[in-house]
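For reference, chains read A, B, C and D in written order, and residue numbers begin at 1 within each chain.
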Amino acid sequence: MIIVMKPEATQAEIDHIVETIVSLGLRPHISRGETRTIIGAIGDESPLRAKPLAGFPGVESVTEIQKPYKLASRQLRPEPTLINVNGVSVGGPQVHVIAGPCSVETREGAIEIAEAVRAAGATMLRGGAFKPRTSPYSFQGLGEEGLKILAEARERTGLPIVTEVMDPRQVELVEQYADVLQIGARNVQNFNLLKEVGLSAKPVFLKRGLSTTLQEFLMSAEYVMSQGNPQVILCERGIRTFETAMRHTLDIAAVAWLKAESHLPVFIDPSHAAGLYRWVDSLARAAVAAGADGLMIEVHPRPEEALSDGAQALIPSRFRSLMQELRPIAEAIGRSL
Amino acid sequence: MIIVMKPEATQAEIDHIVETIVSLGLRPHISRGETRTIIGAIGDESPLRAKPLAGFPGVESVTEIQKPYKLASRQLRPEPTLINVNGVSVGGPQVHVIAGPCSVETREGAIEIAEAVRAAGATMLRGGAFKPRTSPYSFQGLGEEGLKILAEARERTGLPIVTEVMDPRQVELVEQYADVLQIGARNVQNFNLLKEVGLSAKPVFLKRGLSTTLQEFLMSAEYVMSQGNPQVILCERGIRTFETAMRHTLDIAAVAWLKAESHLPVFIDPSHAAGLYRWVDSLARAAVAAGADGLMIEVHPRPEEALSDGAQALIPSRFRSLMQELRPIAEAIGRSL
Amino acid sequence: MIIVMKPEATQAEIDHIVETIVSLGLRPHISRGETRTIIGAIGDESPLRAKPLAGFPGVESVTEIQKPYKLASRQLRPEPTLINVNGVSVGGPQVHVIAGPCSVETREGAIEIAEAVRAAGATMLRGGAFKPRTSPYSFQGLGEEGLKILAEARERTGLPIVTEVMDPRQVELVEQYADVLQIGARNVQNFNLLKEVGLSAKPVFLKRGLSTTLQEFLMSAEYVMSQGNPQVILCERGIRTFETAMRHTLDIAAVAWLKAESHLPVFIDPSHAAGLYRWVDSLARAAVAAGADGLMIEVHPRPEEALSDGAQALIPSRFRSLMQELRPIAEAIGRSL
Amino acid sequence: MIIVMKPEATQAEIDHIVETIVSLGLRPHISRGETRTIIGAIGDESPLRAKPLAGFPGVESVTEIQKPYKLASRQLRPEPTLINVNGVSVGGPQVHVIAGPCSVETREGAIEIAEAVRAAGATMLRGGAFKPRTSPYSFQGLGEEGLKILAEARERTGLPIVTEVMDPRQVELVEQYADVLQIGARNVQNFNLLKEVGLSAKPVFLKRGLSTTLQEFLMSAEYVMSQGNPQVILCERGIRTFETAMRHTLDIAAVAWLKAESHLPVFIDPSHAAGLYRWVDSLARAAVAAGADGLMIEVHPRPEEALSDGAQALIPSRFRSLMQELRPIAEAIGRSL
């Protein structure tokens, strides 16, 4: 950690910082410039992070040097993590597509979609049984009934299931059915929920929040991993900015940054970023070219009848064409899809 | 709801929209302009909101007319809601200040602070027993032990207690001790938690999230109210923008907007917006002048020893001076403090 | 335009809106809902836009229906605009890469880079002679000397020159040398400058500002076009958001949206978005896959000696590899590069 | 400047940084931590800022220590700068209000407004003769005719005139009439214009851009000051964020931060932040309480007829009431108005 003192800082103020550093087991390193004194703290920064140094007398600014995440960092584990989802290997050379409806609505519909997306090349099935909705008056999902339908769709198609869990009390139930536990964007800093899925044996699909910095995003992954579950898949799905032409702004640069900083697989969800089916193709192609390990895409055979987010769903035929467009792009960068 | 059709929309596409409107019990109203046809849907918009009209063929844009919140809206209840917190009336002419430490740390410390803030004029005590921290390696709060300390501080000072609940499973425990249940910024769209506190008999202190729009914020209040708990206090505490000079950007305009749109009391938390004690005074003065019903301010006698957020805590003497500065401002706009 | 009246709006307030609409030559269309009256204004919205209807008594909200841009809109001109830059056809099936140094620094350096980027497949040369710098103490460009060097580099390589003009007084000089006049992000709403380049016979390369909405961006193009110059190339180069992992957030969705709304060619500048050479490849690949008509990339043989933005410059060998990576992606989506 | 090396940085990479520092006349200071080496550069940072250190091999991050602004900084000049505008002293204990129409429209109208705002206590008159408008089809101002009208209004009322200059070519003309040259938000980084007004003898009223950081804002002031004109008044007028409830988000914290970092006077323009007259009062009160040195407020006797921004204009009677509300707030914090 580096502490820059104000030009007018007194020697006593400098000494006070130095004593604090020493008392926490770090080694101070003082550098006197023309106007400011700079104090480096050498050693494990963790205890020092708990100290409110920015508020200490005489301090102008504080810069952390060490990354706050450990388990999620590429430094700890230089090789990419491969996550095995019922035989599907995520994070390796193959780009995976998770597809399916926003919400599970009916048994027939879910199976119809599962078969369609498998035929088009998807390797996992998505579908929400517990739905986080902005309005308390909106459809909130079928609950356990939805999980059972997903399990049946898996039986029929062999596709592993990715489904959301919203509440620590639901984890036990959801993991009985799901192959991957999804944490939605709004719960990316629901720390008790993160801890709970960190105790599960199932992989976690963690969506970035609307205003989560990439560093905070890795800290949320760290919460899961710190409980003993190393299988975290990261997913960028649009951040909130001033631009309203689309629902959110897809932060495509997150792919390169996250893959450089972390060993975890990185997915993109173009459907939620776009908010409208019309824009999904372009974003999906960009994601594969950028180097994403996978995509999550919403598909619905009759979007007008969808109980949630129908406007962003692709119909199966369009999804099929998109998959055909994506394959040569994956190959162009040395991957398969 | 108003549906604007594309210039090239066909009659069949227009008819399809009209039929959808009629089938949901609304009345269509068609207006043919020079280039575009516009369709109004007259009646209760709720069923129509579930339809993904933006994705229907021929549609250019969709504009909602009715507010999605009902119980929280000023239209439903033109008079301001007064919330009684153990005899303290929130939302009336008196501006209230909730003060105290970020986290409850020790029995002696909590009582010392409670007495100091009461002496300075605070009318409620804050203090966290369950702490949402970005890092899993940071201090996570004392839990029930912290709640007991708060209860003792209330006994000593008479100040009602405001404390955070992070998990639906904690609500039962926290409401045994707390006078007001706080929902933190990161949980503003943790809908299961909102529903749970909506079943409580205790008032809820709801903090706006870092990227929650004001309309979404009222929808979160609506979640609580829709479960039967009408006692919601709204609190703006800084949003996330490109500016990094302070930790967050205090959206001071939220005060006027929320008070115009809703009947619920509106507080400001200048401490979390600022992130550094130095900026708290100016923001607190602005909040009172803007018309806030109250403030939440962090106070700690020895900020350097605080286990969380020490840099933003005021020491008791500075808090006392601030309270003296705030009083004439409250009076200048016809209120007391 | 659609004017939604407040539930409590009086008949006189409604009449007043209707009279205003009629007085400006539009036709009113009234629709009375259960709680609100909605007034549509049918006809050319332009005169109505000048009226501050949102502030009229009884008005709750105002929604514009017609697009504020005309010349830039796809509606006016359904076919893509092809722009001929000294024989290079921009906006057609070929994806073009404009490459070169941030600033022109020396004659030898500029020619060395021009030859390197041409060899790698770039079809235009960039280089700044007039540099907008955040600090008045930074290198401000070589001015006319820089333009002369660029002209010499063109002579040697045949590459057309793209270079920035910052001031209406420079346009006459710059257009003597340049093939394309670049307007930088900070000048995207420097309306007098836009008008001035609108009078030029040279194509304009218009960069989106850091906080320009896509609609405002098209309005800036409209400024240029309204003066008689239809040759505008749009360029997204990163917007300012809360995320600081990269210098700016590349809004990759701008490609699809701008190409749907406008007939103008759309480029991406991954170098300025990234701020660091390490991230340029991933963003460039994403841009081509998303459907961009071209890229602008900074290249410098000795980035450490660059007088501006060296950290984001690719060295020629890396630029060459990138070009080789981009080609199959362009082909995968049916284009060439 | 502090350069943090990557854990895997080689000795040669470290040596290369050290040599660069030395070659630019600074003194290196090396500190070897457990995983990373940190290099401090002691001395004047300016030459080092031109070097793209972030892109040097082995570098993880670079942190600047010295402020990039000098003339604008409080460190250079601890006392607040007082600016004399025709006898009005800006930056001292009195809070000043600049009021008037968005655009100058007619001679009679301008004089009527000038007299009304003077009677209410405004000490300067605003009014635009050259108007930056998002659309090329909107009213662009009366030009010199507008300046003449403003001069006549000054003659009648004694109020000094604040008016915008958009183009370096207009400065000579505008300064013949104006007492203060306003630079609009969109031109805050129009560096050639900043340099031009930096050569003027008239004070400059500099508005922050929609996405200008506070540090960049001071750099824009520095541009003006570096040309020899020390009379710069800073004005915050709303930044662009995700929130759309108001036109922009007023960054009220800018007052405290700018006044701590700089000696220049700081104003707030609540009208442009709000975009609607209804919200102006609350924001104006907040600004005075926060410690602003002045306000800029739009006033129009018949907002419905205003040629620009009518929705945000206060009518004179409401402006008068607001002024009466503001006075006791100013007094509450020891100032006058």
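One rule holds in what follows: a residue touches a chain if its C-beta (ideal position, glycine included) is under 8 Å from a C-beta of that chain, and two chains touch if they have at least 3 such contacts.
The shown structure was predicted, so the numbers you read here are calculated from the model rather than taken from an experiment.
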Centroid comparison with chain B (C-alpha atoms), farthest chain: C
Comparison of A-C and B-C by number of C-beta pairs in contact, larger one: A-C
Separation of chain B from chain C, taking each centre as the mean of its C-alpha atoms, in whole Å: 38
Mean-CA-position distance for chain B and chain A (Å): 26
Length of the line joining the C-alpha centres of chain A and chain C, rounded to whole Å: 31
Shared interface positions of chain A, touching two or more other chains: 211, 240-242, 244
Residue ranges of chain D touching chain A (in the complex, touch as defined): 2, 4, 7, 29, 31-36, 38, 40, 42-44, 63, 65-66, 75, 211, 240-242, 244
Chain B residues within the chain A interface of the complex: 20, 46, 49-56, 68, 132-139, 166-169, 186-187, 189-193, 195, 209-211, 216, 219, 222-223, 226-227, 240, 275-277, 303-304, 306-313
Of chain C, residues touching chain A in the complex: 211, 213-215, 239, 241-246, 249-257, 260, 273-274, 278-279, 281-283, 285-291, 325, 328-329, 331-333
